[in-house]
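As structure tokens, here come the structures.
Here chain A shows up in two complexes: once beside chain B, once beside chain C.
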Partner chain A sequence: MLATYKKEVFKNLQTAIELEHSTIPPYLAAFFTIDQDSNAFSWEAIRSVVMEEMLHMTLACNILNAIGGTPYIDHPKFIPEYPAKFNFADRKFDVGILKFSKDSIETFMEIEKPSEIKLNLEGEEIKGLMRQIDLDERTIGEFYETVKEQLKCLVKEYGEKEVFNGDRRLQISPKEYYGGGGEIIEVHNLETALFAIDVIVDQGEGAPDTIFDGDTTFFGQDQEVAHFFRFKEIHVERKYKEGDKPREPPTGAAVAVDWKATKNMIDDPKAANFPKGSPARIKAEEFNQLYSHFLRLLHRTFNGESQLIVKAVGMMYQMKYIAAELLNIQVPDNKEGKVAGPPFEYIPPAERKQYDWLITELVEELV
Partner chain B sequence: MSEQKKYDVVIVGAGITGAIVANQLAEKGHKVLILEAGVKKSFNFEDYRAYLHHYYKNTIKIPNSPYPQNSNAPQPLVTDVEGIKDGIQQFNKDGYFKQFGPAPFQSTYTRAKGGTTLHWLGTCLRMLPSDFKEKDLYNSGKNWPINYYDLMPYYRMAEQEIGVSADVDEQGFLGIEFEEGYVYPMNKIPQSYLDKKLTEWTDGAQFTYENKTYNYSVVSTPQGRNSSPNPNYNNGEGYQPVGAVGNPDLGQRCEGNSACVPICPVQAKYNALKTLKKAVDKGVVIKEQCVASEILYDKKTGEVNGVRYKKYENFEDLTSGKECNYTEEVITAERYVLAAHAVENAKLMLASGFQNKNIGQNLMDHPVLLTWGWAKEKIGAFRGPGSTSGIPSLRDGLFRRERSAFRIEIGNWGWNWPTGAPTTELQEGVSKHLFGKKLRKYMLDTVQKEFRLGFLIEQQALANNRVSIDNRYRDALGNYRPIINYNITDHEKEGMLAAKQFSKQFFKTIGGEDKTEYDPDKGGFIEYKGEELWWQGAGHLAGTHIMGTDKSNSVVDKYQRCHEHKNLFLVGCGNMPTMGTSNPTLTIAALSFWAAENIDKDLNSLKK
Partner chain C sequence: MKIRASERLQIFEQLSVVLTGFSISEILGTGLSKVYLETIDNNLGKAIPDKLFNEFTNIPIKNEEELTVSESDSIEVLVESAEYQSIIKQIILLWYLGQWIGKENYIISSQSYLEGFVWKAIGAHPMGGKQPGFGTWGFPPLTFSQ
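Entry: the complex of A and B
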């Protein structure tokens, strides 16, 4: 029966990986449309959040691998179709690939909004009754709370050894993560799995009744406000300060946000919407090719070739450069003078092209 | 003690040496104040970003481009060395240095919080054991009063503080030893594609010169920039890379921005702000915009009893010619440390009427002979840090009796240093009326095969190469401008000659095309034994207050304490009697740890 129950947890953790990933393209798009100079504060805030989303995705993969599951990254349904529908317990909203604006920051706040009502699952009898998590009925925090309960329950029933029987070589090690708060946790038992989930939830929503994330407590790092509050700071153009309350606006120093200093990117760019043969179309397709190759590389990274993560970093830089090129291309016949942008669309393996900038490992695979 | 002093130690200069001494002494519970001449800067990343902006806007990209000129604490600029006219070297008369030649002194430093580590490349080579006893071994240069093994534990501390990336297995050449089981804090920075190709092309080949053969082995260079931490560091404790000051998530790994000199945009490269921040968190006070102008001391006992400094509120661009207001103050402490850089330390002591004749003498640099050319195929120039490997085989040997040793640095940024590439190629392309795709192809075809070699020539410490002062030459605050007398000897020219021969053979060996061509009108050009040579400064200013056994041959003793002023310690490159062929920052960082230990002991004996 363990195998059947595990499958339910596998599915939830796969959902977790997809959920964490689904926020990355929208955050990246906003990030790419501003520059470090005119919007230093926002640039830095979004950069740090997106780095931590990558951490979360990695943590979810580590947990899944630890219990013997398989992360699927290079998969047609892995990237949601933007604008994606996010259905949480208390709110439903669309998340698109949008330029940096008050609107997109508001959407980001919606994504990261802390659970208003904490579900008390303690003592709830769920033994032997694995529930299918439908995220549509929960906040992200509640969703992860359920995964934690499921893991605890399995361990209680079958013992840690049976549950955490994954190949330890599949774990991504802490030394591969940098540039953001938190740390990669190598998961090999219940304690590390629960800790990994706490890090994910805490960096996003913050611990109850505080604006700060747990990086200082968990890892001895500098104090940092959780994602929701980082976006809130941009939105109201003011920083939080020590002593500020989660439900009240920040009262710290004012920060400069230049809402106009942004690339005027078209909403939800799609390669197929640009005329065939146009520079926008060619670059957009190139971006999609790159992103799909990149997912392939990540898939391999999380499935036994962890050393490839170093190469993935290089591809992320390539992504940034192609996005920058796209953001300099006018959309043909667009009356508002909008520019193209990165579409983040999936291209199946059979349709993937070889490029001279493609890393050797992927070229060999194509041949 | 007659009166209670507010500070135990006053340090002049907030560069790497001052920062290390301050941080170490604060760690031991001493009260420390640093006087910094540069413009006031916070530890917020915004202030660092202002340097970046200044650099982007500046049309001339030289080492001091990001760091604005300040009339109250002026800096020398590489552009102050002008061309050769009618056989005579010309200098910018408004430059900070007053140079009397005959050879140009082409190196500079930065007068700002963080010091010259703001623009250093980050090379962290230890010196060779033989470099410490050159006089004994080769009857050339000088001996140190300490040896490599004395300094070994302090090298470790320096490598930890800076966060050096290197693989220890590759670094034990020419007598360099490490403690059993030692590893560097971080794994080596990946070597460039160029380094790998050169390794491949020189495999098994040898260089013969004066009946001796040397190998070409390309060895990765230890660097003060963040790479992946080594989990085995410190007996398996590992190492946490230090990111940007005021933005710690940034710069935890080198991103290959290829702008290390003059400024790393993310601070993946170490700079002294990182150590200063730690020191300030421990209670160290930095008084900024305070230029030390005189060391006050008892003429009989030599005991220092204060530092006079000029505190300014506003500053002007160096070229404005306007005078600035300042107030004079004196600060006192139990112990004093000069950490203001080789030239500034010497200048300050001379301005204070110090009597030791060695002060200002023995000025050294690494004259860098540059050669450049094309590889036989594209090698991906202009990617990654400025240099990731070198060829160490000619750094030591009995030949040092006759001529200078040199280290060969392999440059990753094409011909940037010698010719100003890739801007020059772009201008050429445009002048050929190329544009669009054709221009891009032209750029790729020319630039992507480029590389250069830099031969860091060891220079002997000589009395006539020196810093002095003269009443006629002063800056806006009335402080002295350094007067520089400088020349290079046949010993060094012979080294350059050998380097040039090496370069010629090297290009043949790798099947490349030597495109080295020197402009006889440019500063640093010489002809020697029928060979044209051209050298530049390395920014390794050293030797102006060397250490030695007594006051007849030196300014400080092996404890880094002035022979004649027992409560005054000097730190920095000025203390080095030889520099060998190592970039000096790691060694002066190690010496600063050693100095801090001695000052701590000294203060403790006082407090008993």
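Entry: the complex of A and C
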């Protein structure tokens, strides 16, 4: 039955959305804790990667909507509890909300690892958590390969029209994305779905057998190495150059990475770990409130109200500024002088404070 | 009462809450209180601020963010006194504009320009910095309802 088979693909695409989203808080934490001036290269590299993760999440939503599924975003299980457990077929590791460091970059490389590359990085002991990333495949690329096969099989069996029967108005269009590589692809048939997946995979781990992402081929954009290799450049403090091979270390120009010039953020900040009424607690809660409202807005954006993305982007900027404020606030009674950071915790709708933008919308709806 | 150096910054931060109307988490969030206190010391010397801090600590205040009527009255006396009028104005301008206004006027740093409370107070953003996202200017300012 098509409906039954589709449910399998829905599930995988929902996992894809969660997977793409789950990388964003850790990448952002590394990005927020480095100083743009003293670590210009790393700052720009991580910034560009995190923008593209947001693109990937959007693409996964477009594919899911194209086949008639429903992206769930404002949901308590949508966010992993950090440190999040990443379980691939052949390796497990923790992904935390940590400050920029050699360790955090190594974890990022684990996430983005291409199939053909072996890493000798040991996964850490896993702490208890609520939600995790479980994949039957060895890499994100292989996971998306499974999704591609599923879509191809369904189309072969039931025809393109039956499979891609989603409402086209649910698609997020290219004009909504700026500041990162690649482009949003509106998905309405097998070809565009497979293309969207190729963009995701190539940006992450590189086009097959190259260090470069597909943005030059696909969109005529400047040549850029894929996420895994961008992290590798930071890790070994050297850039790739034309002709370098995926399995070999970069041989381009050295880049300056100042591993010490970071904000000394506490690992995996959580609002409840800061004393009640303390500035760290108040700001952390403010961040969580905003983040939870943002997930709601994003949920609506991907479920028929695509015009709301303008507001969602505005909220992302706001979260960035509150995160910067958190990083200026000392954790009370912390002997190592650690500062607070953005917790990215889910607040259920009933506990959310009123928010001006939402009130305005309500009024508009009533009029 | 002599103010200990270690307490000086904290007293300045508490005073700043009272003078600006912004909470302690907003004050600390700017990461600028130390720089601002240094700016005051460099321009005025330590004697005047110390005297002000002393007067301020003599006013018993339970919670700087929610002054009672009598606490507020005491602060008003301080604000309007001939002796402190000028420094108090300078402290408020530091926080709101990120500028020192005195014999010389100058912006403390690019950070202080961005963190000026004036932007939050009017629900806007500093031009050329802290961009709010394309098109968001079409919506009312973004704040939680009190």
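FYI, the second predicted complex is superposed on the first by the 334 of 367 C-alpha atoms of A that agree within 3 Å, B and C clash if a C-alpha of one lies under 4 Å from a C-alpha of the other, contacts with A are read in each partner's own complex, and residues count from 1 in each chain.
Please note the rule applied: a contact is a pair of C-beta atoms (placed from the backbone, for glycine too) under 8 Å apart; a residue touches a chain by one contact, two chains touch by 3 or more.
Keep in mind that what you see is a predicted model, and the values were worked out from it rather than measured.
S.K.: What does the overlay on chain A give for chain B and chain C, a clash or a fit?
M.R.: Verdict on chain A: clash between chain B and chain C.
S.K.: Touch test for A:Gly180: chain B only (first), chain C only (second), both, or neither?
M.R.: first
S.K.: Per the contact definition in the header, classify A:Met51: touching chain B only (first), chain C only (second), both, or neither.
M.R.: First partner only.
S.K.: If we overlay the two complexes on their shared chain A, which of chain B and chain C does A:Asp222 touch? Say first, second, both or neither.
M.R.: It touches chain B, and chain C stays clear.
S.K.: Who touches more of chain A, chain B or chain C?
M.R.: The partner making contact with more of chain A's residues is C.
S.K.: In the superposed arrangement, does A:Lys283 touch chain B (first), chain C (second), both or neither?
M.R.: After superposition on chain A, A:Lys283 lies in contact with chain C alone.
S.K.: Please work out whether A:Asp37 is in contact with chain B alone, chain C alone, both, or neither, and reply first, second, both or neither.
M.R.: In the superposition, A:Asp37 touches chain B alone.
S.K.: Tell me the contact category for A:Glu325 with respect to chain B and chain C: first, second, both or neither.
M.R.: The second partner, chain C, only.
S.K.: After superposing on chain A, which of these stretches of chain B ends up overlapping chain C: 92-100, 290-298, 308-316 or 434-442?
M.R.: So the stretch of chain B that bumps into chain C is 434-442.
S.K.: Just to be sure I follow: which residues of chain A are touched by chain B in one complex and then by chain C in the other one?
M.R.: Touching chain B and chain C on chain A: residues 178, 317.
S.K.: Would you mind writing out the residues of chain C in touch with chain A in their complex?
M.R.: Residues 23-26, 28-31, 130-136, 138-145 of chain C touch chain A in their complex.
S.K.: Please give the residue numbers of chain A that touch chain B in the complex, ascending.
M.R.: Those in contact with chain B are residues 36-37, 40, 44, 48, 51, 175-176, 178-181, 221-222, 317.
S.K.: Show me the residue ranges of chain A that touch chain C in the complex, using the header's touch definition.
M.R.: 178, 279-280, 282-283, 286, 289, 310-311, 313-318, 321-322, 324-330, 353-357, 359-360
S.K.: Okay, in this complex, where on chain B does chain A touch?
M.R.: Chain B residues touching chain A: 45-46, 49, 53, 228-229, 231, 238, 241, 243, 247-250, 252-253, 255.
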